[in-house]
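Input: a single structure, listed below in structure tokens.
Read from first to last, the chains carry the letters A, B, C, D, E and F; within each, the first residue is number 1.
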Amino acid sequence: MAGSEEELTGGDLTHFDSRGKARMVDVSAKGDTLREAVARGEVLMKPETLELIAGGTAGKGDVLGVARLAGIMAAKKTGELIPLAHPISLTSVQVDFRLHTPGKVEIQSRVRTTGKTGVEMEALTAVSVAALTIYDMCKAVDRAMTVQNIRLIYKSGGKSGEFRREGEEKWE
Amino acid sequence: MAGSEEELTGGDLTHFDSRGKARMVDVSAKGDTLREAVARGEVLMKPETLELIAGGTAGKGDVLGVARLAGIMAAKKTGELIPLAHPISLTSVQVDFRLHTPGKVEIQSRVRTTGKTGVEMEALTAVSVAALTIYDMCKAVDRAMTVQNIRLIYKSGGKSGEFRREGEEKWE
Amino acid sequence: MAGSEEELTGGDLTHFDSRGKARMVDVSAKGDTLREAVARGEVLMKPETLELIAGGTAGKGDVLGVARLAGIMAAKKTGELIPLAHPISLTSVQVDFRLHTPGKVEIQSRVRTTGKTGVEMEALTAVSVAALTIYDMCKAVDRAMTVQNIRLIYKSGGKSGEFRREGEEKWE
Amino acid sequence: MAGSEEELTGGDLTHFDSRGKARMVDVSAKGDTLREAVARGEVLMKPETLELIAGGTAGKGDVLGVARLAGIMAAKKTGELIPLAHPISLTSVQVDFRLHTPGKVEIQSRVRTTGKTGVEMEALTAVSVAALTIYDMCKAVDRAMTVQNIRLIYKSGGKSGEFRREGEEKWE
Amino acid sequence: MAGSEEELTGGDLTHFDSRGKARMVDVSAKGDTLREAVARGEVLMKPETLELIAGGTAGKGDVLGVARLAGIMAAKKTGELIPLAHPISLTSVQVDFRLHTPGKVEIQSRVRTTGKTGVEMEALTAVSVAALTIYDMCKAVDRAMTVQNIRLIYKSGGKSGEFRREGEEKWE
Amino acid sequence: MAGSEEELTGGDLTHFDSRGKARMVDVSAKGDTLREAVARGEVLMKPETLELIAGGTAGKGDVLGVARLAGIMAAKKTGELIPLAHPISLTSVQVDFRLHTPGKVEIQSRVRTTGKTGVEMEALTAVSVAALTIYDMCKAVDRAMTVQNIRLIYKSGGKSGEFRREGEEKWE
């Protein structure tokens, strides 16, 4: 009745069994190791919108402060949003922003856990929801903003080892 | 003690009051009208990943079926994810996909309500979470996928009227 | 771009479009009417377990009080649990129990709303979670309990009219 | 099988039926009217803690900004937290703070809806969670803070009419 | 002030203390061991309904695919639904179906964790919500379906040892 | 890219980084130890309201039973409510009450976990939501109740050691 399930290797999708049925992959036998993931994304906007956001940090409405919290809180909800994701007890979440004229906000999240499975989805979810929150708070003045280039930058921990996306600048 | 709050006009962000404090905008006085929003986005991937997804609809693991449900369910959670969004009782959610060789999945959501405020955020959230779910299900074979171009395509209903993004092809 | 979706009639499943894709059925055009649903179910158990439950109302541990609350709270979560269910603002939820020797607890829920779609799923969810809660609280003494016969008893309101399951006794 | 339930009058608790069983009170027959509630509470702390909070608005860590968002988001979760509360679609939530030397932060929430039942619990929940968030963010430097005097200040709308607590100063 | 709470033995319900007050049982002192639970249940329906479901796997609407996801996602929500259940980080969830003419769908869930308490409730919740989802998707054509025989089949791990329900066939 | 974050010491708020940006503090490197927290609070009310509550335990409507469950369930939701709180797998939650004539209900919660961070917020959240639930259930007869003196009584486990508030009586 028991019997440990192995992750498939090769070209197959691990979230399906051999008959194509969706499942939460079995990680029961994996060790608890420190795992980290970094993700990034961008919101493109009109220059005036960027100016409103930049001004906010000076006290007129802190768009990025709200988006940062939204991203952190969303990371904790990843297991509810992504159907086959494992629920994970995160041990650290950070969300940062960089503003680029004429009209771009860059978002970076860094997530850690000590657990049995990686936190890539948590990092990507934090970036996505932070981006959506920026959209929400600025949509009254700029409905045509776009969210771009949500991607995994770095991942460490676990059997699959380290991943580091090429050509990505390090944020100080 | 009462007194109805007006949405600010001009270049200001409505999610902040005149002193820069975040708030949920007061929509108490707005009428219940039919509102619709359409959003789109894309996931870029390796050709082999797209082939796995395309093959899945033939029975080896239905990535898009899972992503569709994730998007629909996420639309219902928008009010929990976006800090200042109003909770909205959705009356319709659809999520569709189009596959493009060599390596792109396009996602479209269409959301409706009969309520006091628009459903743009619900449509954008559905697309974002559907995209993240595709990433989750394929990440074991393609960690470098990127989510691109999440954007509002169409919006109708309410005082701010219709929005239609230029240059967007109609999906049949 | 707009265009109202009709519920399919005949032998088809309304939660799928004409190409078999899952969706939340469009109820935007439906009126807000009073809707009610009643559901029932049973938990079968050992006579000693029923005695423990019956005794609890006398002050040694109120299993049914906990199960009642769990059922009421679960009804409010139906839209999160059932993927294609519409989120509904319930206006009334009641959960009642009847004990039958030697070993059966009957559960009944009654749910109401004034809205665009019925509350059958809310009533069935309330009964199911109340039953699971009874199981949880008694499992240390009776792991073999079974949940039986969860069913819709009554439904009114909306275009599909009234449903009344035959042969069901009325609870006073 | 149907039959509208009336709220009990006199000294009885409306959240129980005539046999003492908990239920969600039936508000199906109530009209949709504008309803508002204002609640307040206080966090007492060491003078140094208040100074840290006051300094934060100048850019060293915005405790009140985080607490404000927490309060707004918690108001939306009231129906999940309070077992017999009706789920309500809020149309406005505001959370404000006033600092008093040597060591007190006052919190005020104002919540509105157009619905069938009042929003007192939403207003009180917003204040409570904003207070808990202040505690969380400052507990590393002041574990002995206390949350005091959470109370309803004002309520309007619905059949039970207006409530205004005596002796409460108006916040400009 | 501390002092470890023991689970009561004998005929008592562990979810209540010695004075009959509900509590979350203290499992702090228990070890983290691999725990597994298997649960099953059935949905009885008209033969035509079963045919619609069976046909769906061929591409006209995948009822079982949606129900499977609903069950997996519900397992992750068990701690929110069952009042005194411990929140558990699941390491594996599988949901399977077997169709029997003329009108029965059997559901089986298998859940694993490495933790301090068992996952029976998670397995039973997965089956219950998968069953409710089948009901939801087919109710437009068959309102009289019933959910039957939700039961624990197998449980291992922890101090209470293995449980195996008699007379249950093994699913290959 | 990695590098372990240290908790700041001295007079600073650990939930902000050195530039004042909110974050979830990194506890990845902390050990899993037994942690406990006890919190208390009070609800002040009219004597008649207290009598109704006291009578309820005799079977006319168990206000405290409902509030106890609400507190226990809220403790499990702390990570969703408090923006920068870590999600924690609780191993024990208890909520108790003491009634004092003429008009006071005292609430005490005791929460335990085996984890990397303390459970003070869980204990305080349990007390706060239990208090709000008492308010909700009695507000029809006593709108002027106040929630008072929510405070941490005791805390053990972790590097910051034991905290015991002075002058607090021990509950038997």
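Basically, a contact is a pair of C-beta atoms (placed from the backbone, for glycine too) under 8 Å apart; a residue touches a chain by one contact, two chains touch by 3 or more.
Labels paired with UniProt names: A, B, C, D, E, F = Cyclic pyranopterin monophosphate synthase.
Since the model is a prediction, treat every value here as computed from it, not as a measurement.
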item: Separation of chain F from chain C in steps, with touching chains one step apart; value: 1
item: Turn needed to bring chain C onto chain E - CA fit, degrees, nearest 5; value: 180
item: Numbering shared by both copies at the chain D-chain C contact, with half separating same from different; value: different
item: Chain at maximum distance from chain C, centres defined as averaged CA atoms; value: A
item: Centroid spacing, where centroids are CA-atom means, of chain A and chain F in whole angstrom; value: 30
item: Whole-Å gap between the CA centroids of chain A and chain C; value: 36
item: Centre-of-Cα separation between chain B and chain A, whole angstrom; value: 17
item: Sequence positions of chain D contacting 2 or more other chains; value: 21-22, 59, 62, 65-66, 69, 73, 77, 80, 83-84, 89
item: Which chain pairs touch, all of them; value: A-B, A-D, A-E, A-F, B-C, B-D, B-E, C-D, C-E, C-F, D-F, E-F
item: Chain C residues within the chain D interface of the complex; value: 34, 36, 38, 65, 68-69, 72-73, 76-77, 89-96, 112-114, 154, 156, 164, 170
item: Sites on chain F touched by chain C in the complex; value: 57, 59, 62, 65-66, 69, 73
item: Complex interface listing, chain C residues touching chain E; value: 7, 11-16, 20-22, 41, 48, 52, 56, 59-63, 66, 69-70, 73-74, 77, 80-85, 120-121, 124-125, 128-129, 131-133, 135-141, 143-152, 155, 163, 165
item: Chain E to chain F touching residues, read off their complex; value: 1-2, 5, 17, 21-28, 30, 79-80, 83-84, 86-89, 115-116
